[in-house]
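One structure coming up, written as structure tokens, with questions to follow.
Chain IDs A, B, C and D follow the sequence of writing; residue 1 opens each chain.
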């Protein structure tokens, strides 16, 4: 789960990380008021769940309250397209109005899980303000890392050792070491997958200040953090994806026209690969997961049918935890509520497969049965051709 | 032979009284797996399909001497269950639970390493040595005993590969789902080491997917002289970059986690990589 | 550092451990008022830093507010002698007035550091209400233990496993497991050496309730816990010991007449042994420690001289971290401020011993020099005999 | 030979720029100890008595390859300093600091065990192999090279024992203060194992005190066949029970920690236990 920059900054601040003075506004008038109160040049930052806002024109400076109002007016309601939003972009509903800081030095700090070492890793770079991937490409020798020993956690000597590599003076090094320690507490205490501040700056007074803040939470850990769940912004989510999430389905909207319902993320990805190899494009990724019940299957199938782009559906199930009879009942329930006017190809195998097939056979649903993936690929290719004609 | 589990494996099922725990206990018993005990706190003294249930792992261990534990408990309690099994000196834990917080797994994995406990998963369909023992969720009937070791990060793709093999009359030595989470127990490389030493295994199928670098590591290991033919399929070649596709494992980050990078690494190591998931069976038949 | 029962209970409560309703009173009238407000039979408990209060008459029941007043009047100002106070006893300045609980089951719970395993150990026993030493003597099979793995901390399965051994029903077992988990958090979060509740009871409603609470804090960890330091009750401490503590000296008043000033706890204890073997009794234990400076030595020596029981002093220093020259300067400073009318025996060895001896020789202090412990023992024996004559 | 430290030991001093760190660095250099580096955060680039100072252990290790670290830093930073030394792959750490919170040491000791790092202390005067190297606070001049291994929980009592030996012309192989805190690194038993294997050591002096059960454990180990004569003294026979006498170690709790219990256990194991601290030297002379 992602949150907005302003929310991440508030969280940072509650862990003792210094952030610029500022507030969020949803109207140009509110932005002007904040700028007046700050009595300083301000920066106006579009609040959407995507990086790359600066390059896309989502960050503006304003020297006066009037200019702040104008900048906010320009951003609010506008659709911002960055390299992370996809071509549809995202609508700006909120802007963050902040006091402009006097930047002396820009630093990158980030914490994530290193899957190879199986522990958290803290990354720091004096090349702040750039994307970490870009730093890694262009100057990998400027990325410094500390791995956490889970049995003792981050230790002060590590925070200091890492900060020391950034080439700062003694007081600045101590300030950055403190920010590193606090960032790590955010990372651990809030079950994060990523915590990042880029740039963390040293200002003209030698103080550290997080000019940006990005947090990605582990969805699996959210049950421990009702305070974080409360920060969710439904406006940032695709409506179909939100509906899917409410049903505990893992759904990602894509740009093709063959809807697919699969159990297991690996098989779901392989199914997308198969659809492509058959000359078609998947309309979505939908993993109903291992623990799916009838309701979830029904929801998932209805979701596919409600996507106007879908003109063929491929159900590909290899029953394990998810039993084929449950799958079949869910499909039947969905079909009983709405008409199905696109071809449906079904490939069913695994636990309780006989019952599942029997239930589908008796359901009155018109579908094409594939006995294996090769057959399924052929049926998909044919269905797509027929639709195209 | 076979690896990890066989007809002598004595199994403890944690979370045996839950819906899934109960169902799969029955399925595994029907397959012939030697399930000696179950654990559910507060349910000690009950029985599930004739298997005695205990309140704690310690009690189950004292009474029934299990050699492997299977964890069926819900995500928020699963880390604790794994640690309880390890604390009970059970040296092989198979955790089927999906959705365990990754920070829990950081702690768990480290603890298991310190105490020399092997973990399969979490978020795995489990392990089966066909004809000997099934410790997992897979449909037993699709498997046949034979010479091919199968390992994958994905559950259902694992079944797919096995199904294609069995359809061709090619049996399996052991099939292992290593799990789809960012932090898991045994890796492809760990399993390859076991397959290398296993007489029964004559070839290996590796089913990978985008994200992480488990496949790249496996490729390095194979390239350094793995003695048996390996066939691979990598799922997610057509997944758009930067979108999360179900497994936390399947986030494409940087060049190292892409399908192309993985395929290139495997091919360099001499692995036969098939482009379509429909071709796995045929490719194995070709190398046998 | 120790705190009162009522303070420990408040701390327990802040960690979610249920405690009986009640408040502390310093006057009989206040005790009556609390009893009136509780509208229930109450128990009146003397608040001193020592166990064994029940047997010594420090805990009384009162069925009415008037009886509560009378019981408080009897306790407040009284000197209570328990097996832990020493023969001098302790004066009761406060009483805790609590609602009487309906006890169904009494349990012992305690956490301390197991020095052999080098980890915290949680102990539980269904033989609550007895001293743990007594349980260990009389029914060791009724003490159950869980050791903590420091790399992962106390885990829920351990708290449950321990609670399960107490022979309670399912709901009670869960309640006790929760108390165990919370007690462990107190133990770790507050740098404790001992956390104990004895008894923890199960009341008639099946709820767990900590009827008693005892905490001993690690003095070395107090710098992290200003909130705990604020709970210190100077009235509970020997004035000489308090003065010593303020000077960072480790001083324990004893009942003999040979004062001793030593560096190192081991040598200090060995010095006491030596005094006893020489036929005398040590007046105190005083370890000036390794990091002692001139001031601390001066304070320590003055402390000895201010004890009216002391009629001979033995200074036994083997310089290591503490250099002999520093020791000597401290002694000289103390002597320059007050006359010394008791025999002083000095044994000096170790780092900078020559400078130390020289400083003492030139100080004008009359002292007897011992070249080794055997000589020192002989000099002490003679000094004690002379005083006795 | 000798144990733990000798003329080849390359020493890193953590907290070298502090008052005590500086003083004892000079003393140790004067004794001939090979001090190769010091560490104090923020003081990198300075020198102390000709020894280069670094900001971090990692830098010091990279530049000077120390084989042992000495920790002189204040109590609230000492645990971190020990962990930094261990993190730098230094396999012997001697921590002189007194007053480290015991909960810090629980974590530290566990981490060192996992990473196979030997710790002496904390709250120890250190270790000296007379004539070879002094890694501690003890006055060097009281020591002589020779055949007796000395170990104790108390610093100054250790000096006392050594002094009595040297006065009689009996030298020492290595003298180890194991530290007076509740949680320490190497125990009496660990040191005895080292002395058992050391050719130079012909007899051992054990200086114990009330509290804990380190002496009882040592007695069990000696009783099981320790091959050299052992002389012991236990301090605190006259200490009143239940009072804290300086070392956290010296709280008498239960029967196992009393001087009488320790003396009985040692005597049963064949150890010569002397009643007065003045008699240690004579007793050793008698067993040599």
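Here are a few things to note about the model shown:
Methods note: a contact is a pair of C-beta atoms (placed from the backbone, for glycine too) under 8 Å apart; a residue touches a chain by one contact, two chains touch by 3 or more.
Note that the structure is a prediction, hence the values are computed from the model and not measured.
Among the remaining chains, those touching subunit A as well as subunit B are C. Interface comparison, B-C versus C-D: the higher count of C-beta contacts falls to C-D.
Separating the centre of subunit B from that of subunit C, both taken as means of CA atoms, is a distance of 55 Å. In terms of their C-alpha centroids, the spacing between subunit B and subunit D amounts to 49 Å. Centre-to-centre, using mean CA coordinates, subunit C is 28 Å away from subunit D. Shared interface positions of subunit B, i.e. residues touching 2 or more other chains, are given as 107, 110-111, 114.
Shared interface positions of subunit C, defined as residues touching 2 or more other chains, are 149-152. Viewed as a network of touching protein chains, the structure does not reduce to a path, ring, star or complete graph.
The full set of touching chain pairs reads A-B, A-C, A-D, B-C, C-D.
Listed in rising order, the residues of subunit B touching subunit A in the complex are 20, 24, 27, 75-76, 96, 98-104, 106-107, 109-111, 114, 125, 136-139, 142, 152-160, 163-164, 167, 180, 182-183, 207, 209-210, 212-213, 217, 233, 235-240, 242-250, 254, 275-278. Residue ranges on subunit C touching subunit A, taken from their complex, read 150-152. Within the complex formed with subunit B, the residues of subunit C that make contact are 149, 151-152, 155-158, 160-161, 164, 170.
Put simply, subunit D touches subunit A in their complex at residues 41-42, 55-58, 77, 80-81, 83-84, 87, 107, 110-111, 114.
Against subunit D, the residues of subunit C that register as touching in their complex are 84, 113, 115-116, 118-120, 133, 136, 149-151, 188, 191, 193, 218, 220-221, 223-224, 250, 252, 254, 262-277, 282, 285, 287, 289-291, 317-321, 349-351, 353, 372-374, 376-377.
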